[in-house]
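Dropping the structures in below, format is structure tokens.
Consider the two complexes below, in which chain A is the common component and chain B and chain C are the respective partners.
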Partner chain A sequence: MAKFKTPLLDELETGPWPSFVADIKQESAHRDANPDNLDYQIPADTLDDLLGQLELSYKEKETHWKHGGIVGVFGYGGGVIGRYSDQPEMFPGIAAFHTMRVAQPAGKYYDTKFLRKLCDIWDLRGSGLTNMHGSTGDIVLLGTQTPQLEEIFWELTHDLNNDLGGSGSNLRTPAACLGQSRCEYACYNTQDMCYNLTEEYQDELHRPAFPYKFKFKFDGCPNGCVCSMARSDFAVIGTWKDDIKIDQEKVKAYVGGEFKPNAGSHAGRDWGPFDIQKEVVERCPSQCMKWDGNALTIDNANCVRCMHCIDTMPRALRIGDERGATILVGAKAPVVDGAQLGSVLVPFISTEEPYDEIKELINKIWDWWMEEGKNRERLGETMKRLSFQKLLDATEVPAQPCQVKHPRTNPFIFFKEDEVPGGWKRDLAAYRQRHQR
Partner chain B sequence: MAGVCTDEEREKVVDFLNGKSSVKSKFYFQDFLPLFPDKKPREVKKVLSALIDGGVLEYWSSGSTTMYGLKGAGKQSAAEGES
Partner chain C sequence: MAFISTGYDPKKPMEGRITDIGPHKYSQYFPPVIAKNFGKWQYHEILEPGVIMHVAESGDKIYTVRVGGSRTMSITHIREICDIADKYCDGFVRWTTRNNIEFMCSDEETMKKLRDDLNSREFAGGSKKFPVGGTGACVCNMIHTQGWVHCHTPATDASGPVKAVMDVVFKEFSEMNMPAPVRLALACCINMCGAVHCSDIGLVGIHRKPPMIDHEWADQLCEIPLAVAACPTAAVRPTKVEYDGQKVNSIAIKDDRCMYCGNCYTMCPALPIADGETDGIAIMIGGKVANRITWPAFSKVVVAYIPNEPPRWPTLTKTVKHIIEVYAANARKYERVGDWANRIGWEDFFRLTGLEFSEHLIDDFRESAYYSWRQTTQFKF
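For the complex of A and B:
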């Protein structure tokens, strides 16, 4: 029997789509029945109160959650987000309803034993509600009370060998695509780099001292399955320096209909026979491909790594052999300033373990941002405020044409005297011999 | 990375926070940098981390932003005194 009537929330169950209201009711009924005879460590009516408060918010059109708090586990400044109801007498089961962020495994590979144990911990010590996964990629455990935090942390770290994720003005939980474990396009081992940097930067993950959040994301190729270019302050995107490898016989096999384009992924309707000219050559953003009816050629110097041709004909075209990554910095969603995509900082960087070159770059960026960044200012905003050139100075990365976003409209690169042969000094007498007054 | 903090540094941070206690109880990391003009931000972080570990300071987090304050100071600390 539900504790509160929730007519507005019930409406959300009537559509054809899955409903979180139905999910919460189902979990609430499960907890009421308690078939495993658990000694629940938070109030049994937590989920009823959660629905009740949400119904009230829908009715009054304002939230009843209080924002933030001092809660956490010892020594960590992240991973726990305090949530409190501002109507604790009416909804005692959610007087405290803290969120815990748990680091997801690289590439989000789980085994069922891990998932079962995680759910066991959360059934006993939390609300049973999870969000798999949050926007940054973490496992999000929704709703527990303060005395449970250290208990959950102990069990996560000791029984599951798993850490809390990032929150607050921290390095956030790094995220990687599944990379070379399953994907032939991956130009480097994303999972290994993600894990290595997560271990390297434990202090930045757990002890907040940045102006605001900072996110790493690792995409194995420019397809960008973790959207690093849009969603991380520091994006590592796999790329290659040499030529796309072409198997001309297999190109012909695609043209002849022997292989399905895009590995058959658009097979839901009849698109007609594959047309390489229209579907590949004319869709190349830099128009660097030609098909003469017999052979496909690519002007690799003008390839912008859009991946479309490789995605369309994966058996005929392959990424090059000289592999590394491009570093883009400053992407963010709108808060202080508007949304930004990442800007290319380093067009090609080594992705060889132990990733010293990348770590050196990260450390320089952080040193600069920690000194210069304002409170609640993401790296992209600091870059915008102080100029990309300041970032180049701080990171000692040379100015390069690929960093120019709009030629002739944002000339943000100014050369210094020591960067110009001969400096600024000139022989005025010699100048006047060539130029009249 | 364990934090390190001398008595003098501790006193400087605590005096700063006590001096501002009538105005506010939570401060951004950047607010502490002027107290230590000769230290880099990462060194200041070590000082604050030691004070957190020692129970002198505590973190406050909105979920997106983190601030530092004297342990137990402020309305919220009183309201959250659950343990």
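For the complex of A and C:
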């Protein structure tokens, strides 16, 4: 029997899309019934109180969670986010309702054994509510109390061999697309790079020492399924340098209608017969393709690897073989200085294990940012404040045209003193001999 | 309730402690076909909405059934996912970046049974537990934030408006009748944990009043200089005020400089900003992350404010649906929302959608504003 009436939330139980309200109620009923006869370590009616408070928010149109609260596990500065109700007398079951971020395997594949064990821990020691997954990529366990934090961490590490994720001013849990595990476009092993770097930088992930958060994301190709260019300070996007591989017979099969364009993605509407000239050749952003009615040719030197032709004819065109990645840095959401997309820093970098070149680059960026970055300043903002040139200096990456949309439109150039003969020390007396005051 | 100890001893926190082990290695959770054909996939085909077949060089095939998930998910629901994965998928399952769940199997017969099974399961109340779809040129599942369910700074709820929006675009999720993928996202405040700044249609919670100042608590709860430094428009300054007959250190806010971002509240709980009657949602469109055809782009604000109308946000859902319909009727094949708006021009975007263009839609934040004004005589009457 529900503890609170929730007429507003109940309206979200209808309609075809999965209802989170119905799901929370289902979990609440499970806890009431307690079929496994557990000695619940946080109140059994915690989700009743959550629904009660949420109903109040739906009525008042304001949140009822208090500001912050510092809780955690010993020795870590991240991974747990404190959360307290601002109406604890009304909703004692969620007076404390902390979040734990649990590190997810790269690409988010699981077996049911792992998931069931995780559910068992959370059944006993938490609310039974999760996010699969949080925005950054972690498994998010939503709602437990302070005395359970160490116990959950103990069970995670001892019984599940799994760690917490990041929060606060540290390396956040890195995330990757599913890469080569199930995608023919992946130019490198995104999952392995993600896993390797996550292991390498465990200290940076758990113990905040940065000016602000720092995110890695790994996209296997320029299609960007994990949105690394928009959502990570350090984006690794797979690319290639040589030629797109063409199977001319299969190109003809697309033209002849044997294969559906774009892997059948437009099947829900009649777009007419596939027109390779209009749909591929003319859409190419660098206009580097030709179709003569019999063969498709690509001027690969002029290809900018946007993926459109490959996406449209995946059975006929394949990514090149000389593969690596482009590094783009500084993306972030609008707070505080406005949104930024990642900017090209290194056009092509090796993606071979053990990823030394990439680690070296990361270490240089961090050295600079930790020295120069202000409190709560993301890398992109430090770059804007101090200049792209300063980042080039710090990382020893040469300046190159692919790093800019266009060269600067003003002549306010900071030359370095050693670039100008004689430096900044000048002879005023000699000047005055040539020029009267 | 009796406290059940795992063996952890708070007096000796380091005893037996395991730290810094990170996540599990990704490869231990690969279904056998995935493990066998890693890096050797040749092509894929979307057989029907929500069902993708990947074919490897070896000739092996894997069938993926994708279902939309609500990211706020109970363990009862996860256990049901496990039951399904055990029954059809050798005990393996994965999630996507956009909160979808993917069930994989290696033969077509199993795939069909799996798909039908998934489509048949419903929550009490009638909503689908596992709607199949979210592939190709569809309206994709929304990424979103916590909202009133679990966040302290939101200007709107997240799960609720997402449920309401996805209900009205359910057909577009389940079919592939869009010109290109339409990626929706919702962030419940401008912190954008959900990163809606590069979405085809991004919904973002906004406040519209400067924060209140709790002079009694400001100096006790906050590092005042941090609150001052947090303000992007220099509206916040330290001050001394009379409170209860005493001079106390506090904060002053220049109201006409404040654009209600709430960043000061993030740093200082004595500056509450939420206001039920005037908070709401702005709609941003035309962002993208893929490098396909055109460059990645930010979303642009096309509706400055829609009030919070729980539980179903009717004005919001109607507006989002309308934008999608106008886009679907007018864009070319492969053209994302922003590419379409750029091609026809913003004059025509507002004409076709009937959305009102107001001064609120003209950028006035820092130097980037200038670059969004139009420096040419080329425009449409």
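Here, the second predicted complex is superposed on the first by the 402 of 437 C-alpha atoms of A that agree within 3 Å, B and C clash if a C-alpha of one lies under 4 Å from a C-alpha of the other, contacts with A are read in each partner's own complex, and residues count from 1 in each chain.
Here, a contact is a pair of C-beta atoms (placed from the backbone, for glycine too) under 8 Å apart; a residue touches a chain by one contact, two chains touch by 3 or more.
Since the model is a prediction, treat every value here as computed from it, not as a measurement.
J.: Does chain C touch more residues of chain A than chain B does, or is it the other way round?
T.: C
J.: For A:K260, decide between first (touching chain B), second (touching chain C), both and neither.
T.: second
J.: Please indicate which partner A:G78 is in contact with in the superposed arrangement: first for chain B, second for chain C, both, or neither.
T.: It touches chain B, and chain C stays clear.
J.: Who does A:R376 touch here: chain B (first), chain C (second), both, or neither?
T.: both
J.: Touch check for A:F210: first (chain B), second (chain C), both, or neither?
T.: First partner only.
J.: Touching A:P147, do we find chain B (first), chain C (second), both, or neither?
T.: It touches chain B and chain C both.
J.: Thinking of the overlay built on chain A, is A:T99 touched by chain B (first), by chain C (second), by both, or by neither?
T.: Both partners.
J.: With the two structures laid over each other on chain A, which partner does A:R172 touch: chain B (first), chain C (second), both, or neither?
T.: In the superposed model, A:R172 contacts neither chain B nor chain C.
J.: Is A:H67 touching anything from chain B or chain C once the two structures are fitted on A? First, second, both or neither.
T.: both
J.: Quick one: classify A:R323 as touching chain B (first), chain C (second), both or neither.
T.: Touch status of A:R323: no partner.
J.: Once the complexes are superposed, what residues of chain A are shared between the chain B interface and the chain C interface?
T.: Shared contact residues on chain A (touching chain B in one complex, chain C in the other): 67-68, 75, 99, 147, 203, 375-376.
J.: Which residues, counting only chain B, touch chain A once they are in their complex?
T.: 1, 28-30, 40-42, 44-45, 48-49, 52-53, 58-66, 69, 76-77, 79-80, 82-83
J.: In the complex formed with chain B, which residues of chain A make contact?
T.: 67-72, 75, 77-78, 80-82, 84, 96, 99, 145-147, 167-170, 203, 207-213, 367, 370-371, 373-376
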